[in-house]
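Multiple structures are listed underneath, in structure tokens.
Paired with chain B in one complex and with chain C in the other, chain A is shared by the two complexes that follow.
Up next is the complex of A and B:
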């Protein structure tokens, strides 16, 4: 019993040394952080991202106005001391709505990304490990699924099941997981033929143990960066759906929906459209730049297709 | 060589069949149909029965799917729209032309521009030029299409009044009426496309410029521009071509949104209204058309990479 645990530990250490070139994992995270701190772009992006997360958490308490309050006497007012971002065509305070507008998007996309990464990477790693006919057939199916324009697929499901937050999490999580399968499988294939995986097989470890203890620590780098990217793309998809009217249900403020609702009056009240657009863009761009810097700090080059 | 191409073709057809089957089964499995969507609150009793009978919805799903598939294969007939009660070929035809005009113009501008900027960024790696191009591409790539479209409308249509904010011509308008309307949509699409492709060209070019054969050419004293354009660029395009094709599926989704923003009478706006109406045959037909474009572009990319790959070229000759 102790014997096998000892072997496992050596195997684990061996597998980690593969990915970190002899450094312990803790040191590696410190190193990645140091490398990121050297890039001013990464730091700015991370600060904006943090600011967005804090605002999203605190929005209901820091909003100066009730974000659903309509005021017929106060429509289309330009930015002022009372209404920093002006008011929209229903007299609602754009500043409060912009503060609130990211909450649903962040909630849905964070859960969705988690789901996508979980099922996508487990499937991908397993396929990479098993290989053979199952691998071949599933990958064919994955390619066929990726040939469907993503928007068609999402709209079709959401328009019929209804657009609740849960539906969006499940649909986005499922669909984006398909692309993760490819990445996880690709990353796994780099390691499956290595000696330490072979050693685990010879020891008679179960496939699950090999996935968990040998492969996962090694492909984690690629998966983390992939997850950050996936998050940005999912946010883009989510806000596009909202914009088309298939995302958030109207009383809830959402940037995509706000832009869709107010872009018709952009010539008289541009602030109602431009501020939510600024908020949405800064969030997506900050996630992307952070992911980019994260990848660079880990020594991964990611110029991959967003499929 | 021939066998390889044939293999790809068979795979492409299989993919199309799989996509159709999947879209069909998803729409069948989901609750509601065109009649419930069309009649709304009146969707009950005799009216619902009549509506379903008119559209032959009582037939088993398999039979309807087989009928439809037979029509497509035997006569290229995409079927009839249930909601609009028109031939889908007629509905899709003009809009397809409009979308292709939009996409092709964007590609003709975007792809050469992307290759140029990508190579430039790779050659000036980590210098100001590269940082500028790379950061700019992240901005262009990550900005949702509807946001960049809205911003361009605000600047060029509302402030400067150079171009119309939305398309007002009908889907069957002659090309010359359509053209003034496509400037802004093409700009948005080309922006996104350029950003995606240039990143791939850049990273691929960096790899190739560091490779042995480029080093060799340098040592031999081959002029710099010749190394870049005759030796490095074709090899750098090899991996990039396939990835470019892969992004097309993503970009097709973007086209749909861009069309919607500009109210452009293309296949994307048709798709969204078909989904609203639960017009299954129309959704099905559009899925088939879009998937065919995707598969076709991928096939083209495979053939291009065959043409670009010197090893396969010599093997053939």
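Up next is the complex of A and C:
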């Protein structure tokens, strides 16, 4: 029995080597945050994004004027101390309307992105894991759906079902989820061939457990960045729908709708179009820049990422 | 076509030490320190050394072997000999001189001309270093254009000459082929031919045979020995495998933690190593002749660039004294060699004692696993093919009959593509067999894993080759161990954590590992976690797929001991795959030899290794290299790899050195039972025994 005791001693000594002892490295989230803080572009973008979110939350309380109040005596006024962004063709305060104009868009697109990410990534990861014939067929269907001009498709659905917040969330969420499938599947394929997935299969884990426990944590990085990008795209899509009159129902203020309403008077009152447009583009740019910086901080190679 | 070497067996060159070679050093490394700048989070920077104070002279015409565990700076040193630094690297001190020029002081253009022309590199993975979209002729022409003075019209002739030099069959046709149409061994030969295009003075070989089959490796080494003799090229040979180094080197340089800790002639280092690290390394290598497990070298090498005071090896040294923690030893001469150790000379001169660890006694019980006429194939016949009555394609693996008892270890041995992993995949239910029966006790294992019941799933577990890949990088060790505990026993929460800690204790790891991520563990520790995970299900059968081949030798010995000890405690049966036959010899009770998915020979490890009767077993065992300067591999047939098993006849018909004739082509030989072994060959067993003695 002394022999086995000897083995035990050497092995114990092996486990107590100095190489892996010492301080535990920081958590990954801390590392990513540190890395992001080094990039000025990321910090500016994140601040703008945060500002937009805070404004959207607090807009009803910080708006100096009632955003639906029409004032026939005070139409098309240029920016002044009373109306910082001027007034529009109905005499409404553009500043208050701009503050309020992002609420509906943010609400619908955030919910829509969440839905798109949820169903898109789960479908994509599952397809990547299953492979074979199902994968092939579903991916061909995805290709076909992606080939349809999305705006026309959305208009068609919304005009059939009707214009409501829920319809918008569902249609946008469904449509953008299709693109997420591709990304999630592509990211999954990198990991499916690894032995830890094989180990789980040999162990007899169900496919659902493998998707949730083994694959999802590994593709989450790519998915988070993809989600941010999808969000920016969806904001643009939502504003386009509003612009065309299929998004928000007047008199609720919305940037896309505001741009549509005032575009005819742009030569007389450019402020009425300029400020909502600026608000929309600054939000989208800040999301895009944040997503890029986030991806870089997590060590994702966007050039290699599947489209 | 069979390649015949003129210098098979031992020739007069080699292992003559430094005396026989011309004494002018070609390359001189003078107190070289390489490293990089580390940026700390608080904005400070510090220099981290990867190579420390390395001095080495390489003489004309000699082969110098660089050995050491991974992360010890072997490759960094070899690349420095090309004047190359990895990204972010910098010279912290010292010089590398080629003749009179200092490489790191050369302008880029001169350095580029020197690389490939005067000093050429042969990389580890030839398949990846050849351009996949260019024909070999074009790639060789490119190398000739860059590194030779030949006129363009002579490129083709010279390319054919080079391919003939590296003993590739029908070189004219090869020029028109693409790299993927060649086998691994052939690709490596082409890489050697390309390196020789510029007629370099010095060849740097970075693990050129790692990843090749035993027989292919032996052939490539024989080729390199021959080239060295014929062309007088100086070689720097980097390898972690002391068997390879022993075969080719005149001198050996042992690296540890970026330092050169011992330098001496091949025979000296292998027979009477001085430095405690070299001793430990040699003792940790499993040997074919020994009936014991190798002794493990405790601990792990320090992380790359880790700073230390005193001797780098002090933490693992068996002779450590308080002095070693403080005083960094200098490179001092000990007879004809250089050693970097604080120990007094008489102690360094003590002879090497290879004390193995006796294999723990395991009681072999009743039969557990049986395979009966199992055939596996990756291609499935489509319905259309069935309707048209097309014959099934030849199965990847066919006619496998094996049995395994409780507490027993059976090793599957063969070259890559011999179906070892395929058999494992069919036992664990990933790729169920096409024909035949697999049984665990009396329960069928033919079903795919999804259709097996929970108990059956639990009873068969698998350990993978590379723990980096088999542990999910995003899970902590506790989460990794919780998965099987939850799946098989429904354990959660504190009970699960306690059980996980218990499992870690079984593989000799402390409880504090539970909250770490795999990336925070060393290779050996990761493999221990992977082993703990397989034992979580309290299995009866464990499939071990090359479990030690991704580990360093010193760590490998400890893992082998652990596996054997767990087997003694739990009475599990192991089905073991390893390409290293010495590892098989150390751990397996019985061995089954496979070629092209068919069994050739099976028997007790001791009998089979002592007297390999089947011509394939003989070929395989004779090609094994050992860390012994006097050991010579014997090469029987050529190393042409086959991609498809023959449709009929003996699977080994194409490469067999003892082939009889048409009988071997057409008829599958029957099993012959003799002296506890069974083998499949047309030559009567008694006659084979006779042939062995010649």
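FYI, the second predicted complex is superposed on the first by the 276 of 307 C-alpha atoms of A that agree within 3 Å, B and C clash if a C-alpha of one lies under 4 Å from a C-alpha of the other, contacts with A are read in each partner's own complex, and residues count from 1 in each chain.
We take it that a contact is a pair of C-beta atoms (placed from the backbone, for glycine too) under 8 Å apart; a residue touches a chain by one contact, two chains touch by 3 or more.
Every value quoted in this text rests on a predicted model; they were computed, and no experiment measured them.
Participant: Of the two partner chains, chain B (first) and chain C (second), which one does A:288 touch, if any: first, second, both, or neither?
Facilitator: The answer is first: A:288 touches chain B but not chain C.
Participant: Using the touch criterion from the header, give the chain among chain B and chain C with more contacted residues in chain A.
Facilitator: So, of the two partners, B touches more residues of chain A.
Participant: Of the two partner chains, chain B (first) and chain C (second), which one does A:81 touch, if any: first, second, both, or neither?
Facilitator: Neither partner.
Participant: Answer with first, second, both or neither: which of chain B and chain C does A:34 touch in the superposed model?
Facilitator: A:34 sits against chain C, while chain B stays out of touch.
Participant: Touch test for A:205: chain B only (first), chain C only (second), both, or neither?
Facilitator: It touches chain C, and chain B stays clear.
Participant: Quick check for you: in the superposed arrangement, does A:217 touch first (chain B), second (chain C), both or neither?
Facilitator: second
Participant: In the superposed arrangement, what residues of chain A touch both chain B and chain C?
Facilitator: none
Participant: Enumerate the contact residues on chain C facing chain A in the complex.
Facilitator: 41, 295-296, 298-303, 306, 315-316, 357-358, 360, 428-430, 449-450, 452, 454, 457-458, 460-462, 464-466, 469-475, 483-484, 487, 508-510, 515-516, 520-522, 524-525, 528, 530, 533, 537, 555, 558, 561-562, 565, 568
Participant: Provide the residue numbers of chain B that touch chain A in the complex, in ascending order.
Facilitator: 14-15, 18-19, 22-23, 26-27, 30-32, 135, 138-139, 141-147, 150-151, 153-154, 158, 196, 199-200, 202-204, 243, 246-247, 249-250, 252-253, 256-257, 260, 271-272, 275-276, 278, 283, 286-287, 290-291, 294-295, 298
Participant: Given the complex with chain B, which residues does chain A contribute to the contact?
Facilitator: 41, 140-141, 143-153, 155-157, 159-161, 232, 236, 239-240, 243-244, 256, 259-260, 263, 266-267, 270, 273-274, 277, 280-281, 284-285, 287-289, 292, 301, 303-307
Participant: Report the residues of chain A in contact with chain C in the complex, numbered from low to high.
Facilitator: 3-4, 6-8, 10-20, 24-25, 34, 194-196, 198-205, 209, 213-214, 217-218
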